[in-house]
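Below you'll find the structure I mean.
Chain lettering (A, B, C, D, E and F) follows the sequence in which the chains are written, and residue indices restart at 1 in each chain.
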Amino acid sequence: MKFLTEYRSPELAERYLEEIKKTVTRPWTIMEVCGGQTHSLVKNGILNMLPPEINMVHGPGCPVCVTPINLIDKALYLAEEKGVILCSFGDMLRVPGSEKSLLQAKAGGADVRILYSPLEAVKLAKENPDKEVVFFAVGFETTAPANALSVIHAHRLGLHNYSILASHVLVPPAIEAVMNDEESNIEAFLAAGHVCTIMGIDEYYPLVDKFRIPMVVTGFEPVDLLQGILMTVKQLEAGEAKVENQYSRVVRSEGNPEAIKVIEKVFQINDREWRGIGTIPMSGYEVRKEFAAFDANLKFDVQIEKTPESEECIAGLVLKGIKKPNECPQFGKKCKPEMPLGAPMVSSEGACAAYYHFHQAIQDLEMVNV
Amino acid sequence: MCLAIPGKIKSIESQYDGLVRIAKVSFGGIIKEASLEMVPHAKVEDYVLVHVGVAISVVDEDEARKTFQYLKEMGEVEEELNISEMLPDDI
Amino acid sequence: MPKLDFDVITLGHGSGGLLTNKLLDSGVFDLLQNDLLDKRHDGATLSLQGATAFTTDSFVISPIFFPGGNIGELAVNGTVNDLAMCGAIPQYLSLSFIIEEGLRMEDFWKILVSIKFACEAAGVQVVTGDTKVVERGKGDQIFINTTGVGRLHERARIGTDRIRPGDQIIVSDQLATHGIAIMSVRKGLEFETSIESDTRPLHRPVRMLLDNFGPEIHLLRDPTRGGVATVLSEIARDTRLGIDIRQKDIPVAEQVSGACEILGLDPLYVANEGIFLTVADASVADRVVDQLRQDPACRHAAVIGEVVEAHPRQVVLTSGIGGKRVVNMLTGEQLPRIC
Amino acid sequence: MPKLDFDVITLGHGSGGLLTNKLLDSGVFDLLQNDLLDKRHDGATLSLQGATAFTTDSFVISPIFFPGGNIGELAVNGTVNDLAMCGAIPQYLSLSFIIEEGLRMEDFWKILVSIKFACEAAGVQVVTGDTKVVERGKGDQIFINTTGVGRLHERARIGTDRIRPGDQIIVSDQLATHGIAIMSVRKGLEFETSIESDTRPLHRPVRMLLDNFGPEIHLLRDPTRGGVATVLSEIARDTRLGIDIRQKDIPVAEQVSGACEILGLDPLYVANEGIFLTVADASVADRVVDQLRQDPACRHAAVIGEVVEAHPRQVVLTSGIGGKRVVNMLTGEQLPRIC
Amino acid sequence: MKFLTEYRSPELAERYLEEIKKTVTRPWTIMEVCGGQTHSLVKNGILNMLPPEINMVHGPGCPVCVTPINLIDKALYLAEEKGVILCSFGDMLRVPGSEKSLLQAKAGGADVRILYSPLEAVKLAKENPDKEVVFFAVGFETTAPANALSVIHAHRLGLHNYSILASHVLVPPAIEAVMNDEESNIEAFLAAGHVCTIMGIDEYYPLVDKFRIPMVVTGFEPVDLLQGILMTVKQLEAGEAKVENQYSRVVRSEGNPEAIKVIEKVFQINDREWRGIGTIPMSGYEVRKEFAAFDANLKFDVQIEKTPESEECIAGLVLKGIKKPNECPQFGKKCKPEMPLGAPMVSSEGACAAYYHFHQAIQDLEMVNV
Amino acid sequence: MCLAIPGKIKSIESQYDGLVRIAKVSFGGIIKEASLEMVPHAKVEDYVLVHVGVAISVVDEDEARKTFQYLKEMGEVEEELNISEMLPDDI
């Protein structure tokens, strides 16, 4: 597959790796923000290939992982008590709310469906005029245009039975929160390529200025990641701190203006709670009042009590890059993918799950007794 | 986050009285529909990056080559890797 | 299709009374006809000698008709293949239907015809059966159980206990085709193009391997649900040995690859039907692959890895760029990873 | 019940991956344990000699727990009995579950324990199995398929072709008990008192009959779905002989009779589980009944009629007051006649 | 079982039979009105035991058989299109409407349920407040109190989701219609014991006077029927025509006053179409206006086109006793219980089904090819 | 039409604040509930004729005997049949 297979070339990967090894002279701690990048790093075994000086830590960029328990409980309530058709992306269904996951609600009889696209949810609403269809619209900036489009389509079709339960988070405020944490020791970022495809790279200049850290917009294939790391290390070694774009084949400086227009039409920025991290100011999207009829939060007046997060789960520290998943005392013990304590063990983009499934660190663990 | 895959536009249709363009996009030969509302200039044969049914960017061939040229430009390797040329165009 | 008074299956067709008899006599018995299929009794009498493999599976696939096949041929092939994986020559099947009322007789008939052809292709006979009908909403159109018996191949010495470090892991054909074919017609995920399931009987290539290599074939497994990853994990667990596999050698069709990329699936975890996995002595591995490739069902046969003493009970994959990672069993059901 | 991480069965438990393994390893294998049940392969290898009976049934009963039993023991007894009806000694079973997601693990465990005890009571071993999980609303808690094999009794000469005019029709116990037990707990029809199902293995009395009377036992049938009326109609049809039965000799428990009156059902059409029907040579009929009555499962054994040359292919019943009427197969499903 | 088993005594039956044979001197045609009696006569083989002079013909007294196609189509519409929980007695579900039966609708996904009692339907409505529950209230006078009670219970419980689709027919007008038919040759009636349990026997005096025919209220067990026949034959042979009560252990002259009160509270008499027969004036019950809220006919405004009845089915002649079921050209050929052309082949109380299942006449037919 | 069976009242409860009496009725030992609203004087031990869950009549023992006495009264047989006495009371 063109534009995919090329970036998986072992020869190219090897040369980038050599170049990284040649370039690096001292330890550096680099965070890849995006869960998709975490997934790719572990799936391709890159973490073990990098020179020991390079310490990759994994960021909060898994939208499924940072969706608050409370919002999942809301989705559960809509599915179980309000009898709506509750749809979302596959991984979202596995994340435990305070008592169960959407998948468990489905097992209990709720109408919960996996869709490839929010636009499919609009079709579903059109086909089921007697049922309320709610799309649990999880995502970072990348997914926001699609979720916003679904609202616009539903509006255009005059549907009264479609709404979204938005759980949208934004990357730059998260980077800021990570950097502001006292325990943080991050020296550079791989910025999330697909988020930048939408938003462009301008948002990162103020961050680079404020924290004086290199910021390289990076793609998802192994060669992309290695090139991104090389570019980052070069800056670090040179004592530089600038915004660079490794992923220029799809990321333009200005992002995607059409997409930004659609996002701004449907959503407005608000303060947002991140699971495991807490509230980050101006870090999420909510549906604008103009589209209130499509906001499941307003359409269904649901008051769900907040549930405290598990005390055993150190997801907050993992998501901020302060701890590695395998440094969590519960990792692979009380917390496993089939029985997750925290959200990062659920999504295969979650750092804990990625480690559990793919990372060699698992060798050090007692084997799963199956 | 945000799984997005490049695919090649095979054909374009319109919906909602021409308001919305929908493409058939091929990923290694498998075809899926994607909305072109976010990429108004995308045309047949273009490669678009598709995320949850929406094309969010047109892949720029020249920029794509840069990853293969980067090491050479840095003066670190002698010749540009010709991997990109080796690959067949997508079906 | 026979001329019938009814066009859908109703509860009465499972009552055991007149309608059940009418359904069976309408053509089911004729279609599946053989000397042993006793129409008038609840069981068949077989003449079996010596070591006999015995295996069962229930088929609950949705949709029941999918690109490249339907639940009927799947049910025959599945059990034929499980017998083959035991190192046996498939001989007889039982066939048991659980039908949801409202199934169109036309669909039932199509399934029956597929069963007939699948049986012929695999050289097996349906010798006894059962038909139940459940209320609408208590089933999913049709479930099929097939249970099979077959004589063990005299040269077969199959068992995880026969696996040794150095043994080679061979897949008979491309991975993930069936699972993606099914997923590609699921509501909400569907593709515009269809991928055809590779469901097929595998007794012939297996027999050929056993004829030619006998005890050098240490294990046979069909990596159905849970995919190749799960089967390899099970082997590593049961042998307490390690397994190394190489991503670059794992055959996957281009379209299937594309579909996996879109849905965020790993072909190693996708269900298969038309392929099997062999653990063979290193001395014969290349010849096994050569032999397999001569069978049209195994054109993409390949050695994908080997059994090692290192990292006992673990499967380790060398990625396309040379990195290493652990491969575990499938956890939970396989969901598309989209976001 | 084993300590588990989960209290309901989810789709993941049918995925073939880790959760399936966990479910099976949680205690299923231990519970059903025997030398042949290979935990790690998809089939068992049996050593069988000579004529072997082979029979299958899927069990779809609702409710899955009913007075006097549950679907688990029913599934074992049903196939054990079908083997017995073939004149065979039941030996091995396959066991295949289709579970609806959401089934409580506690219920599954209860069913498994019943299966274990039913196997012990019948002297059979579960040697291979399968577990599928279907989405909520696509099944009905649990369906079970059992398929059985057993060695033919050396004195057995069973077949409709062996039936002659003059042969006596014997039922082994009271009719309709099981069917009414199930109906009595159906929503909208339920009784305040419960009638217990008589589900039980029948291989022992059958073996005793074959030991003692061998070829004088011409046919064995368990009149399950469709009831005694349907089985007798099938025999009349297949032999092209007539059958006379006498209402006054047909044993039915008082409570079951009462329930049939209320619901307007004829016990001849109600499903049975714990009884069988023998067609025996007239010369041994009384001794057959005497022998049967010594078995606690057959205390009410009785000759209820005979095979005749008159009215070929028809079953004629002499009513309690001496009138005659034709008995046909059950038509459609059995509905209570109320009005 | 007391009061049941005694009336099945072969000794007693034999003596009554002997007495009938002794009494009868010439042919007599007697109609048992009630389908339950038809069922009992054939099930017990009585028709073949009677002396040849006695010609029993079978009346229209099967409520399932005479329910008009139109009403079944209405029930189907409610179940299939209106999504109600449609419940009724077992046999009613098998009767074909113009295109299918309720059982077939159930196979097609409609929520159709078999209940033992209309009072169970009220419970169902209480348990399913979000669903409409409609009871297809079929019956003669015997069933009217139970159906009426269900309305009174639902009213008392304040249920707004319960209604009945009444298909109630009355015996005396049917007897009158049968006697008024030119082709009728009926000389006496066994009146329906259970109908009289409710309504008493006073209704029959005017009929006896008008048509000068014996009328013996009779029970359902074999001895009851034989005694009823004996009493009838005695009257016939003596040239008498009076009302007698064989079934006095449950039938009082005045009927059941409480039951009549309840019927009159909920129902009023109207003209009524009988399947196979046509409209008979003042021969049915409809729900009174006071209980309009519980009348499915008014609650759901359903206009179903009338479908003509099958031309091949001579159910009208059978129901009026002019033809025996086995005199129908389709009997056992195109019309069988598993594939009925007309309603009398459906209910096991229907004369055609009773004949098909039990009567020796079947011997004369080509065997079902199974 | 109208299947109705006699059964023996084992116990009586009331519902709707005493407005409605419901009996447990035994039919050969099997118990089912029946409304007594149509038979206000029925009491425990009485036999009632039950149709679709509603008792519609109380069986009169003396009248019940008449079927056995009828032939004798007609002078057609010598002795009254004693079948009724032979039968055990219902459980």
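Definition applied: a contact is a pair of C-beta atoms (placed from the backbone, for glycine too) under 8 Å apart; a residue touches a chain by one contact, two chains touch by 3 or more.
This is a predicted model, so every value here is computed, not measured.
Shared contact partners of subunit A and subunit F, listed by label, are D.
Path length between subunit E and subunit F in the chain contact graph, taken as the least number of steps between touching chains: 1. Set against the C-alpha centre of subunit D, every other chain centre is closer than that of B.
Each chain gets a centre from the mean of its Cα atoms; the one farthest from the centre of subunit C is F. The distance from the centre of subunit A to the centre of subunit B, each centre being the mean of the chain's C-alpha atoms, comes to 22 Å. Put simply, the C-alpha centre of subunit C and that of subunit E have 56 angstrom between them.
For this pair, subunit B with subunit F, the centres built from the Cα atoms lie 85 Å apart. Annotation for subunit E: residues touching 2 or more other chains are 1, 4, 9, 63, 89, 103, 116, 120, 139, 143, 223, 338, 349, 368, 370.
Multi-chain contact residues of subunit F, defined as those touching 2 or more other chains: 1-3, 5, 7, 27-28, 32, 52.
Residues of subunit D in contact with two or more other chains: 10-12, 18-19, 21, 135, 137, 254, 257-258, 261-262, 264, 328-329, 331-332, 337-339.
Going by the touch rule set out above, the chain pairs that meet are A-B, A-C, A-D, B-C, C-D, C-E, D-E, D-F, E-F. Residues 184, 191-193, 195, 254-259, 261-262, 264, 337-339 of subunit D are the ones that touch subunit F when the two sit in their complex. Residues of subunit C touching subunit D in their complex: 10-12, 14-21, 40-60, 62, 82-83, 85-86, 88, 92, 94-98, 127-130, 132, 134-135, 137-140, 143, 145, 147, 149, 152, 160, 221-222, 224-227, 230, 234, 238, 269, 271, 328-334.
Residue ranges of subunit A in contact with subunit D, taken from their complex: 103-104, 106-109, 338-339, 368, 370. Considering their complex, residues 1-7, 9, 11-12, 15-16, 19, 22, 34-36, 61-63, 89, 116-120, 139-140, 142-143, 145-146, 149, 153, 156, 192, 194-195, 197-198, 220, 223-224, 227, 246, 248-252, 256, 258-259, 262, 349 of subunit E touch subunit F. The part of subunit B that touches subunit A in the complex is made up of residues 1-6, 8, 16, 19-20, 27-28, 32, 35, 37-40, 47, 49, 51-54, 56-61, 63-64, 66-68, 70-71, 74, 76-77, 81, 83-84, 87-90.
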